[in-house]
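Okay, so chain A shows up in both of these, paired with chain B first and chain C after.
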Partner chain A sequence: MRPFVYERVGDWAAATQAAGRLGSAPASYLAGGTTLVDLMRLEVMRPERVIDINALHDSRYGRIEFGQNGLRLGALVRMADAADHPGVQRHCPVIAQALQLAASAQIRNMASLGGNVLQRTRCTYFRDVSYAACNKRNPGSGCAALAGVNRMHAVLGGSDHCIATYAGDFAQALIALGASVDLISADGARTIPFAKLHRQPGDTPDQETTLRPGELIVSFTVPAAPWTRRSLYLKVRDRQSYEFALASAAVALDLDDGAVREARIALGGVSTVPWRAAEAEAALRGKTINDQTAMAAADAAFAGAQGRGHNDFKIELGKRTLRRALRQAAALEI
Partner chain B sequence: MADDDIAAKNPQRSGTNRRRFLMASVSSAAAPAFVRAATADAAAQRNSSGARLPADFTLTINGRDYQLAVDPRTSLLDLLREHLALTGSKKGCDHGQCGACTVLLDGRRVLSCLTLAVAAQGRAVTTIEGLAKAGALHPMQQAFIDHDAFQCGYCTPGQIMSAIACVNEGHAETDADIRESMSGNLCRCAAYPNIVAAVRQAKPVMKTASRD
Partner chain C sequence: MANAAAPTPKANMGPAAPRIDARLKVTGQAHYPSDTPVGNPAFAVLVTSAIARGRIERLDLDGARAVPGVLDILTHENTGDLNDVKFGHGSGTSIEDLGPEIQQAGQIIAVVVADTFEAATEAASGVKPAYSEQTPSATFGSQGVTQEDATKVSPQHKHLPQAGDAEAALAGAPVVIDVEYETPTQHHNPMELFTTTCAWTGDRLTVYEPSQFVYGLKNGVAHRLGIDPDKVRVVSSYVGGAFGSKGTMTPRTAMIALAARRLNRPVKLVATRAQGFTIATYRAETRHHIRLGAARDGKLVGYSHEGFEVSSRPDAYVVAGVEDSAQIYAFGAVATKVNIVHADRNTPGYMRSPPVVPYIYALESAMDEMAQKLGMDPIEFRRVNDTMTSPIGNRPYSSRSLMTCYDQAAAAFGWKDRNPQPGSTRDGDWLVGYGCATAVYPTHTGPAAARVRLKPNGEARVQIAAHEIGNGAYTVIGQMAAERLGIDLASVTVEIGDSRLPPAPVAGGSNTTASSCSAVLKTCDLIRARLFHAAVTANDGPLAGRSADDLTLRDVQIAANDGTGESFADVFKRMGVAIIEEYAEFVPNGLKPQAIADLYAGKLAMVGGSHGEKVMYAMGAELVEVRVHALTREIRVPRIVGAFAAGRLMNTRTVHSQLMGGMIWGISSALHEATEIDPRYARYVNDNLADYMIPVNADVDQVQVILVSEVDHDVNPAGVKGLGELANVGTAAAIANAIHHATGIRIRKLPIRLEKLLQA
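Entry: the complex of A and B
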């Protein structure tokens, strides 16, 4: 691990100031550290300053609140605490399930929601600095995965510069439910749709988010809506637990006497960013969910999918995952 | 690793010699123990950028306060094992993938390999060494022995710490619950069925014990 200066801050103003201070010296916020410390040890991430924001947990950064506008989740809420929260489980089961099915009990105790959405890809070439070619780590160096072992890589949202999968689960729930994210920096506060937080790789895979330098995630807001109750997260993986998704689907439905008034669908494990499947949502509107309509929606969701060899199976697996998730969500007793 | 890299440059302080030196300095110190690790001193001496200054902080480990000065890069796991000679917690992967390093931080199970020691300052750490009380094993330790819930034993301290938290969290209601809740602890010897049996045995004993 490279040396760094460690700082603890007690409020957001100190945090964003600390992040801005040394100008160009790269700084990282430290929340649970389950991504940051891992990647610093691998020397994939090399901050010169680590700004520990955990003291902010005792403020609104650490709170879960239900209000008129819906559900507000502070960025330093631990994954385990949101997953176990009775209100989250009842009103937004897709959120509780996406968190519960992620990582392990130990990691969920450590990891924060803000850090979770900013976790880095598990692409093995990205994680191993002995591979020279990785555009994400080393812009312009090429992509070892395109012609390499790419079984775990994305079939949606990739480019000829990077096909790394966005590995998280919680973000799919957020994007399906149309969440927004509250940000703050020394320049002020702003709120953006969660769907605008992550960037597809295009020809700049090193730029993963639209966060400004030193910008801090404060919280996520999930708007109250008729579809949040009838929602679920289905995750398919190589082993039953403690594993990233090969394919996953976050589904939320508002049904009118069996017919779909509104469907919200996001896909995980198959795409470079948390993936909202708008075409599949449109294909379902006004329809009853059955084998045919679910299949048509899944086909629409993967119409633009591109396999790269080892990951070709994810197209069929992704479709089947979505079909099952849709049928299960439609059958939920709520 | 920070330690290896420094140890390599200070051969006289590397390997078992360094461990023995540290063990001696810890055990002879009056409480609160003060540990200024050899590695941190070496790092501080080479400091020019400010980045290598050791961090000073206190940590409560198994009920005892330690005054520490270590390189900020030191993980909680390396602090325990290499600096304080508490070698019960194991290093399986050093990347959050196996659970061998599981300890309790303020009562919650966490991975000490992905915890920076300096970030745990002011908090209470419980390791496998802190479980036995007055010579009596913790009910979970006893249950692991009774059910032969290990072969090589390498994963066992992590399994036991995790299993205690699993019961305390209320996640040990069914066998399926236990398996899911314990999935963060891998066992290369595949002692899984016996581990589940051990957790089942310890659960009611832990409840009774905490009532008295």
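Entry: the complex of A and C
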């Protein structure tokens, strides 16, 4: 770890001004610190200034609110608080489950929702700076994972420059439910669809999001919709707790007498970004969910998947995970 | 309600005494070596090599030196005067220099010392090596590896088990299986990191380091530094997990001692988790080719087992578990061979049950395959081939209770309900399978010495340089003294883990209880003899004129069978002594008296296991239920039952803990654990506890331990068979066998992750 300047700010304006100060040294926001501190110790992230926004926690940005427009989750809400929230559990079980199945109790107590969606990949070649080739860490240096140990890597959304998996769970729930994200910077506030927040690696894997320099996530809004109650998150992994997904599926269904009026599907553990499986959703519309339709949807979801060796199994596993999730969601009694 | 953690003792079992260090540990008062305060320490941080093979051409230290607070940087340029202490002669590896030759990834190439840990950490990243790099050979199948016959290069394995003509037996066998298995690289990852603190007082060095062998480390460091071993003291009062990784000297210790000498100031090192993967040892990957031949009635007629083990380029580390696997059934003819494959890796080393974990996994998997082929129940197949005589030299077992273990475990498990047909049992979306395997561990006993002091009020102090690695050494050593001296365990103070105490063997090979308790027993018996003598030869005491043979010590008294007794205080008074202190050396049968002098010099010999006129093994039977999801193939282990027999059990609580923990590690071996290697760089990829998978609580459901009574008068005076490394043996095979039973799919490569079951 290297020396850095630590600043604690009391309001959003001070935060964004501190981060956006013209000509200032590279800065990072600190909330739960569960990604940032790790990566600073590993020297993957080397901010010269760390701006602690935890003092903002008592403002409305630390709240969970249900309103006419749906559910609003403040960016500084801790994962555990959202997972344990009765309203979230009742109205958007997929959100509560995605959070509850993530990380460990200790991490869920620390990590903020805003930070959670921005967590960095677990790719070893990214996290260990002694590997020379990592386009995400060092643009143009190559990708050691393509021909390396890539069992945990992505089969969807990758490129010849990067196949690092997006490791989170919560984001899958947000993207499935069509959430939007409210942002603030020194230039003002804006709201974008959550689906526009993350960028596929393409040939610039170092650019992971569409956030502008110094821009902060304020909150997430999940619109009220008929499918949020019949929703779930299925996570398949190497052990039963404290482990990232090999494959996961966030599924929300609106059924009309058994037929799918609307299906919302996102996939995790298999892709470089939170992945909305629009083809699978389309394949299910108007159909009853059974083995055949679930399999057809799963095939559609992974039609463009590409394995890189060790992770080839994720294509089959991802399909089976989605099939299982769809069957379970259809069978839910709500 | 019965406390499962403290089983009620059966015959030949000691009480479930709570650990005497339990409260210290859970309240943070037990000082692990790096907790020990030293005055004004400087802090060391290691710099390790990013390449596996090549040479350091230049080492740019300017950036590191520019960091405020940096005091010194050790490199190959200023550490070349250290003596070589090669592998097998006090060191766990011959790769002990800081370069310029690079022989493994993660080799230590510099030690940065600074006023603060933070400054040393920052400066370490400023050490910039320039390498000339050669393509490394990573593992089996890599270009450039070399292979040799273990019997030609390993002094401990010049002769591997052979009996009769195995080729002929296999050729003529009505039923034969011919199968291959693989086990992965594993790292110990003890909770406590690899730490070293060194402090000099004049020409005397004190090393605070977690160690499983303080006498070995003391002598090894002295040789490396070229100083008198009597000027080195190693203190290791508690070890926060070791599993073999802290049994041999690693290169770091002498470097920290040297740094402290150069600065004339104590220096403290706490290596990182990732560095622990390369600066110490590990369990190397293995391959096995097994052939078994049997008659139609299930009687085995031939067993051939060829093993392959990875080691480093310079060192021939080998576990050669055929030494044990060849003893355990009535195989008929036996042929074994072991090959060492040298790659550009750090030297492997002892890891909990080194020989038997990989080799018994392979054998017990093959046994299941043979039972399947014969159409026999796997337990009955083992019963048919149970024996009280090793097939190697027809030597008798000192004791053996394998089938008793199977019977008790099977009854508790409900094995009789098992449908023999693979894939026949289903519960909703989950496929259900039952599997079993044998656990086995060679009984080792080594030389040891102890000093015991008794006071007239019944307080005693026991001193022996044994090691508390979580095994309960403090407690069982104290129990042995309490029992022989007729006093409460609470009256016994136990001092261990310090090279100023009388020596004990390495805490390895599960010998600690057997060796240390035998030495303590012998020492206490000297005290008993003095007390008895004083009591019976007194002119007027209550026991005057009695035979010493009729006496015992009980309740702080010398007591006769008829209830007559004399207090310690009275006897001490008559003897005219304030304390009684005795020192004794215990040398097990089969070793020369010189063994104790060798132990003082850090050289250890042990007896038992497959060597000697009788073969000596602790054994057990493990039965597991697995569930495999029909669609997504997650594997769960809802229950596991193990029954174990290991001679005298000193303490059913510590025994239960060891056996339960062992089976949990077995689950880990079966399903989770593997160090991944990037073959291009010969580097460990998942060198952290997030990516190096071990089970969490949610993965461990019902674990039942059954203690089986067994008496063995041959193994050692204490009658103890070590069992610290017993229960994690065989578990992986039992789980693999259960997965086959659940799914019909036979996986022959560990760990078994769900993708291996997806294809079907």
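As a convention for this text, the second predicted complex is superposed on the first by the 332 of 334 C-alpha atoms of A that agree within 3 Å, B and C clash if a C-alpha of one lies under 4 Å from a C-alpha of the other, contacts with A are read in each partner's own complex, and residues count from 1 in each chain.
We take it that contacts are C-beta pairs under 8 Å (C-beta built on N, C-alpha and C of every residue); 3 or more make two chains touch, one makes a residue touch a chain.
As the structure is a computational prediction, the values presented were derived from the model and not from experiment.
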Touching partner for A:M1 - first (chain B), second (chain C), both, neither: both
Which superposed partner A:S241 touches (first chain B, second chain C, both, neither): both
Touching partner for A:R323 - first (chain B), second (chain C), both, neither: second
First (chain B), second (chain C), both or neither touched by A:L30: first
Set intersection of chain A contacts, chain C complex versus chain B complex: 1, 3, 240-242
Residues of chain A that touch chain B when the two form their complex: 1, 3-6, 8, 30, 32-34, 37-38, 41-42, 48, 50, 52, 54, 103-107, 109-110, 240-242
Touching residues on chain A, where the partner in the complex is chain C: 1-3, 43, 122, 124, 128, 130-131, 144, 147-149, 151, 236-243, 246-247, 313, 316-317, 320-321, 323-324
Footprint of chain A on chain B - complex, ascending: 1-2, 43, 49-52, 55, 71-73, 75, 94-96, 99, 102, 108-111, 114-116, 118-119, 162, 165-166, 169, 171, 179-185
Touching residues (chain side chain C, partner chain A) in the complex: 50, 118, 121-122, 125, 274, 631-634, 636, 671-672, 676-678, 680, 685-687, 690-691, 693, 695-699, 753-755, 758
